[in-house]
Amino acid sequence: MKVKYFAWVRERIGIAEEMVEPPTSVRTVDDLIGWLSTRGETYAYAFEKPKVIRAAIDHTHVKPDAMISGAREIAFFPPMTGG
Amino acid sequence: MKVKYFAWVRERIGIAEEMVEPPTSVRTVDDLIGWLSTRGETYAYAFEKPKVIRAAIDHTHVKPDAMISGAREIAFFPPMTGG
Amino acid sequence: MSAATIRIQEADFDIAQEIAALTKGRSDVGAVVTFSGICRGSENGEPIAALTLEHYPEMAEAEIKRHTDEAMSRWPLTGLTVVHRVGRITPGENIVLVLAASAHRQAAFQAAEFLMDYLKANAPFWKREESQNGASWIEARGHDDAAAARWTKS
Amino acid sequence: MSAATIRIQEADFDIAQEIAALTKGRSDVGAVVTFSGICRGSENGEPIAALTLEHYPEMAEAEIKRHTDEAMSRWPLTGLTVVHRVGRITPGENIVLVLAASAHRQAAFQAAEFLMDYLKANAPFWKREESQNGASWIEARGHDDAAAARWTKS
């Protein structure tokens, strides 16, 4: 699946998007954050406070316990500050 | 004192303003409406439903029991429909 | 802020120009809310040809100023403008403009709504409509009084 | 009404032109509310040189549309426009415009406030500020979440 990062999550990780293939044990958004955090220092830094991170699956806001199976695009970003 | 009329109160009476000298027994706005109503058919028609009439003394909204002594200008008009 | 701008005039107004007057050359304004009231082509389902707005000039100026003063004391505004047209106005034309500027949006929205509720229910203006059946004065609506009353401090 | 107009763009917008697009040639519009959000020259007391707005394009379009659809179903609107700028914006420049048109004022005010509360708290846009101390991401404010939550139907 495609993963996208925005704002300081993107800056900390250093890339805007990538394709990932997490193991089948990674079932929820929360699981995915945990798995991504193990991929290196930049990831660990971006996700150091997982409660602050917001997520969207296929362009819709989701909660940390949302299932990721079937998702084409998952995005991670800080709380929004538009308007 | 000067009395002014607006909207359909003005149209029914047929004049926009006039000077009046009510007797001293006319003490409140309500009294003044009653006294004006006796001045002719056009006045009786304008004030036929006194509860609908709004009044202002010297450019400030007042209630029917407001005292008129000292007033320079008293205005009578229907409920407002601006904006 | 300095005093609010209040104008009662027959001429139309230019919203862009009024916004510029409250924002140009300054960097403390984060939110501008405008309300424009426009003459509709029908009233209670009946087509109308025009409205004519009558007002009580001295009282209208004084009363609107009392309410712009109140708005400025209730909300942290950086600017406030009220323009009310009088005379004959045809469908599609502007009738009234309220413009409130502030650092943040809530103050601007609240002040604009407060002033519009006031103008609808309590400002000394009266609308007469021209239709196929001749001319008649528009009746006040009870819910405008209710809308104005919600701002009264208890 | 037909669909709302939604635009996400780097270019500035022209409020007068956007109002005209919703009112010209029609006589069913009695009230137009506009909200413009403007870049202020300081954030939490610190002067800023500019904001840079990042967004998530596909999601922003879809999410704003979901909310304009909701506004149109909740209030009797005759028109609705949202323009959100992205990229680098300096103090005094426009950031966002919401425009709601209706026969009566309450619907227009409510819809504009609803959309602004939504955009502040939930639309996928992020502001980075440039100041003397370098660049930093602006933090979300808890009261924007609270403002957005008040529209949730229970």
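By letter and in written order, the chains are A, B, C and D; residue numbering begins at 1 in each of them.
By definition in this document, contacts are C-beta pairs under 8 Å (C-beta built on N, C-alpha and C of every residue); 3 or more make two chains touch, one makes a residue touch a chain.
Nothing here was measured: the structure is a model prediction, and the numbers come from that model.
Chain centres here are C-alpha means, and the one lying farthest from chain C is A. Centre-to-centre separation between chain A and chain D, using Cα means, comes to 26 Å. Averaging Cα coordinates per chain places chain C and chain D 23 Å apart. Put simply, the C-alpha centre of chain A and that of chain B have 72 angstrom between them. Residue positions of chain A touching 2 or more other chains: 83. For chain D, residues that reach two or more other chains under the stated contact definition are 37, 116, 120. Every pair of chains in contact is given here: A-D, B-C, C-D. Only residues 37, 53-56, 58-59, 62-63, 84, 95-96, 116, 119-128, 137-140, 144 of chain C touch chain B when the two sit together in their complex. For chain D in complex with chain C, the touching residues are 14-16, 19, 23, 25-42, 91-92, 103, 105-106, 108-109, 112-113, 116, 120, 147.
Every residue of chain A that touches chain D in the complex is listed here, in rising order: 4, 6-8, 56, 59-61, 75, 77-83.
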